[in-house]
Structure formats: structure tokens, C-alpha cells
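Order of writing sets the labels: A, B, C and D. Residues in every chain begin at 1.
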Amino acid sequence: MAFDIGLAILVLGVAAWTIAARDTFAAVIGFVAYGLLLALVWVRLAAPDVALTEAALGSGLTGGLLLGASTRLARTQGSAAIDKPSAIIRRAAAVLCTLVSAGLGAIVLLLPEPAPTLAPQAAANLAATGLGNPVTAVLMAYRAIDTLLETVVLLLALVGIWSLAPDQLWGGLPGRRYPVDRDGVLTFVAQLLVPVGILVGIYIFWVGSIAPGGEFQGATILAAMWIFATMARLADSPAVSRRWLRLVLVVGPAVFFAIGLAGFAIAGGFLAYPEAHAKLLILTIEVPVTLSIAATLALLVGGPPERALR
Amino acid sequence: MTDATLYGLCGAALVGLGLFGLIVHPQPLRKILAFNLIGGGAFLLFGVVARRGASAGLDGDPVPQALVITGLVVAFAATALAVALLLRLFQETGRATLRSDDSQP
Amino acid sequence: MLRSSERRAAVADFLLAAAGFVLAMVALGLIRILWGPGDADRIMAAQLLGTGGIAALLLLARAMSMPAAVDVALILALLAAFISVAFVKGADRSEMDRA
Amino acid sequence: MSLALDVLTILSVSTGAFFFLAGTVGLLRFPDAFSRLHALTKADNLGLGLVVLGLLFQAGGLLAALKLVGAWLLALLAGATITQLIARTARTDRSTM
């Protein structure tokens, strides 16, 4: 309990720092720290699957994205000081936010007893999915349609980002070109770390069927390693108009949707799996979905095309 | 008080803190940061519901946990879109504020 | 002589306390570093927190008998490197823009 | 036997925690970025290393032990590289002042 109180205070302190810091750089560092501490909280709440996602996506990839944005906006920070809202607005906002927090806190304290739960149903039907991890079972079997729609949402966000490119750059290469590292340190570490990272990513994806892990966590690590490789100039991002890239992006949702439709014929419903082949079908969906999500996440960080296709 | 309740109160406070940042910060990037802080707090509230639902040999209710994983991914997509919009605004106007054009010559 | 189950619990308690201690140390270091003044100090903050977080997660994995926390630590180790490099690259690039 | 292992774990983890303390004291007391960097790397390499060593005595199997050592090696590699990059940034920071 003492540990948890300390951790909760630390989370709140880092969050307050993120809001209060003058410098945007420092605020982003605070945010990365916040994500890391939340991962610890999720471990304490016995939710290792969420802890993995928070560490990889909430802290890692979001942190990298915001760091990149803050360096590109670095020169605009000073001018914003004039736009600060007046003291009255600030005070009113503080009152409003305290009320919101108090209300949410009251709800937490007044949660019904005994707590409603779907855990028994999830556990009882776990054997039918052939999976050992109940969270993966929820994502891939019980609520598979949510996950299918989510992969589509990711693609829509990517289409939105690409649409921001000026006309003459449409179909070009995303992001700026990173400068070559002056003394090769970064090249060295990338050559060492990227293969290890890819291995860890595949492991986290693979272990997801029986233990905490899964396609989102694995795909996030793969995406981070791809971005790492481009930062170290081991490789450059492909132009967004490449046919193979488009194929990689849609293969996951397409296979997911196709197997979902096939469910009508073989198991009597959309996204229904026949019990004997449930695990095989889920894996058939998961492999391309992981690939598609990894590519989508990496390109989401990359941003709209900024270099023309030559 | 259980650990879950403690973290639930922590989540409630985080939502308030993030909301405050969202309102008072003039820079859009700080607003995006604050939006993600709110997200973290809201997900923690789900975590409390999941932890309290521990039964049938599971340490928590897997359904809210899966919802949080979905939520984290969608929040990331929204953040990436917001950042791209902001950078494009900066490229186009040389400014990264949300003030309307007529307030400046 | 303690019974084996009691000793296991005692070791788990010790490891949990050690995790708390490491986190407290990291938090103290963070206060110093976030103050700045330079960007270098801020990258150090990320690095320090990464290491402390990894140590705390590994300790928690054993203390709570949750082997998956080791995987979280592994991811953290990878992503800490990624974040730090992104930060250094960012610092390099803003330098270039100024020139 | 397992009592001896537990004692080794406690000794090793305590020493590791001490290095985290030493690293923090260094960060708080040292005047410039380079000596702070020096203090930080002690916590990084030795503190985490000793914690991992202590936990190795408790590791259930080969894969678990490998993952522990892997996490340490990753942190070590990343730490060494990033320290180098930080020192370079700190140097350019100073030369522009």
C-alpha cells in the first residue's frame, strides 16, 4: 500500500509538471515519464497487457511523435506567451476542473458492490477460442468487431494525415530526411538494436495467444524499430504511393473482414469462428493485422508527404 | 481503501489536471499533451473497474482491459492526426497558435 | 527458522520495498534534472527514468509473481533507447535549422 | 540452499539500490553536465546490473534468466550510446554559449 501511495503521488507530480512546465521540451519529457509510470500502475492493477500497450504506445511512440513535433515548433514558443488567458478564466477553469475531479472521485468511491464483471463468462468460454490469454480472446473473438473497426480507424487517420500534403507532394516521401550521423554512433546502435527489437516485437506478438502480449503491442515495437532505422538512415521511408506499401496497409483489415464474412458460411454469423479451427483462424487474422498495424503506426508518426517523388 | 480505489482517485485527479491544461494552455501542442493526460486518467478509471471485477481465477475483468488497449490505439491515431494538422498549420502560416487571423495584421 | 512460504513472502516484501526505493531515488534525480538548464540534462532525465523504471518493473515482476512485467521492462529498455535517440536527433535538427 | 539464494538476492539488490542512491546524490551535487552524466552512468550500469544479478538467483528458468540479462544488456547498450550522444550535445550547447 505504501508503494502504491508513493507511485500515485509520483504520477500526479509528473502530470502536474507536464501541465506547469514553461518549456515544451520539458513538458514532453514529463509526458514520457507519465506514460512510464502509468505502465507501472497497470502492473500494480494486475493488467500486464495494458501495461505493455502503455509502455510501447502511450509512452514510447506517442512520446517520440510529440518530441519530433516540439523540436519542429521550437521557434514558435516565445510568441505564445501573449495569448495566455486572463486570471479570471484560469481561476474559473481551476474550479471547473476541481469539480470534475471531485465528481469522478465520488463515482470511484461509490462504485457498486459487488462489482459487476464479465470475467466469469470470459474465463468460461476461453477454451472455445483455443487461446490462453483472456484479453486477446476479448480482442480477437468476443469483441472482434471492435478490433476490426479499430484497424479501419487507424487507416482513416492515416488517410487524413496524407490528405494534408500539398498537391505537388502528393504520393511523395513522408517526413523530412534525417541528417547523416556525424561519427557513426547512431548507425552502430541502430544496426545492433533494430534486429533485437524486431525479435522482441515478434515475440510479444506471438506470446499474446497464451500470455500478456498481442498484435497491438508487437506491432508498436515493430513500428518503433522502423522509425529508428529511418532516424539512423539505415533505410528511408518508402513513398506513400508505392503499390506494395498500400497493399501492406490494407492486407490486415482485408483478411480480417474476409474471415469475418466467411463466418456466415462456416459458423453462422459475422466474425464467428467454428470451435475446432478458432485458434488457427485467429492466427490467420493476427499475422497480417500485425503487419498492417505496424506499417500504419510507423506512417502515422512519419506524417504527410513532404518530399516529392523523383 | 483498496489499491484499486487509490488509483481510481488518482485517475480522477489526472482527468481534472489534464482538463485544466487543455483549457488554459494557448499552445496547441500543449493542448494535445493535456488531452493525452486526460486519456491516461480516464483509462485508469477503466482499470479500476477491471481490477474490481476480478473473479473466476482472473486477476481482473478482461473486457475493460481490452477496451483500454483499443482506446490507447485510437488515442494515438487521434494524437498523430492532431500533430500533423498542427505542423501543417505552422508550415502554412509560420505560426502555431489557434488565434484567428483578424487579430493580427 | 522461517517456513519457506513465509520466507518467500518476506523476500517479496523486500523486493517491493526496493522497487519503491529505486523509484524514490529516480524521482529525486528527476527534480534536479527537469530544472535544466540545458537540453542535455533533460535527455539524462529520460535516461535515468528509463533505467529506474526497468529496475522497478523487474523487481515488481518477482515481488508480485507476474512474469509478464519482465516483458514490460524489456519493451521499456527498447523504447527508452528509441526516445533518447529521437530527442538527440531533435536537438541536432533544431541546431541545423538555426544555422 | 534456497535460503542462501534469498540472502544473495537481498545483498545484491541492496547494493544495486545503493548505486541508484549514489547516482541521485551525484545528480544533485555535481556542478556541470559532464560530471552529472558520470553520476548517471553509475546508476545505469551498476545499479540495474546488480538488481538483475540479484533477481537472477530467483529466476525460474533459462528463458526468464535470459530475458532479465537481455533487459540489462539493452539498457547498457542504449545507455552507453545515448551517453555519448548526450555528451556531444552538451559540448555543442556549451560552444554556442
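Rule of thumb we're sticking to: a residue touches a chain if its C-beta (ideal position, glycine included) is under 8 Å from a C-beta of that chain, and two chains touch if they have at least 3 such contacts.
Computed from a predicted structure; not experimentally measured.
Pairwise, the chains sharing the most contacting C-beta pairs are A-B. Centres computed as Cα averages put chain B at a distance of 22 Å from chain C.
For the pair chain A and chain D, the distance between C-alpha centroids works out to 28 Å.
As a whole-number value, the distance joining the C-alpha centres of chain A and chain B reads 13 Å.
Centroid to centroid, with C-alpha atoms defining each point, chain B and chain D lie 31 Å apart. Shared contact sites, meaning residues of chain C that touch two or more other chains, fall at 39, 50, 67, 71, 74, 78, 81, 85, 91-92.
With touch defined as above, residues shared between interfaces to two or more other chains in chain A number as follows: 44, 46, 49, 61, 70, 72, 186, 189, 193, 196.
Shared interface positions of chain D, i.e. residues touching 2 or more other chains, are given as 74, 77-78, 81, 85. Contact between chains, as defined at the top, is found for A-B, A-C, A-D, C-D. Looking at the complex, you find that chain D touches chain A at residues 74, 77-78, 81, 84-85. Interface residues of chain D, counted against chain C in their complex, comprise 2-3, 6, 9-10, 13-14, 16-17, 20-21, 23-24, 27-28, 33, 36-37, 40, 43-44, 47-48, 51-52, 55, 58, 60, 64, 67-68, 70-71, 74-75, 77-79, 81-83, 85-87, 89-90, 92-93.
Interface of chain C with chain A (complex): residues 16-17, 19-20, 23-24, 27, 30, 34, 36, 39, 42, 45-46, 49-50, 53, 56-57, 60, 64, 66-69, 71-72, 74-76, 78-79, 81-83, 85-87, 89-94, 96-97. Within the complex formed with chain C, the chain A residues making contact are 2-3, 6-7, 10, 13-14, 17, 21, 23, 25-26, 29-30, 32-33, 36-37, 39-40, 43-44, 46, 48-49, 51-52, 55-56, 59-61, 63-64, 67-68, 70-72, 74-75, 176, 178-179, 186, 189-190, 193, 196-197, 200, 204, 207, 211-213, 217, 221, 224-225, 227-228, 231-232. By the touch criterion stated above, chain B contacts chain A in their complex at residues 3-21, 23-27, 29-30, 32-34, 36-37, 40, 43-45, 47-63, 65-66, 68-70, 72-81, 83-88, 90, 95-97, 99.
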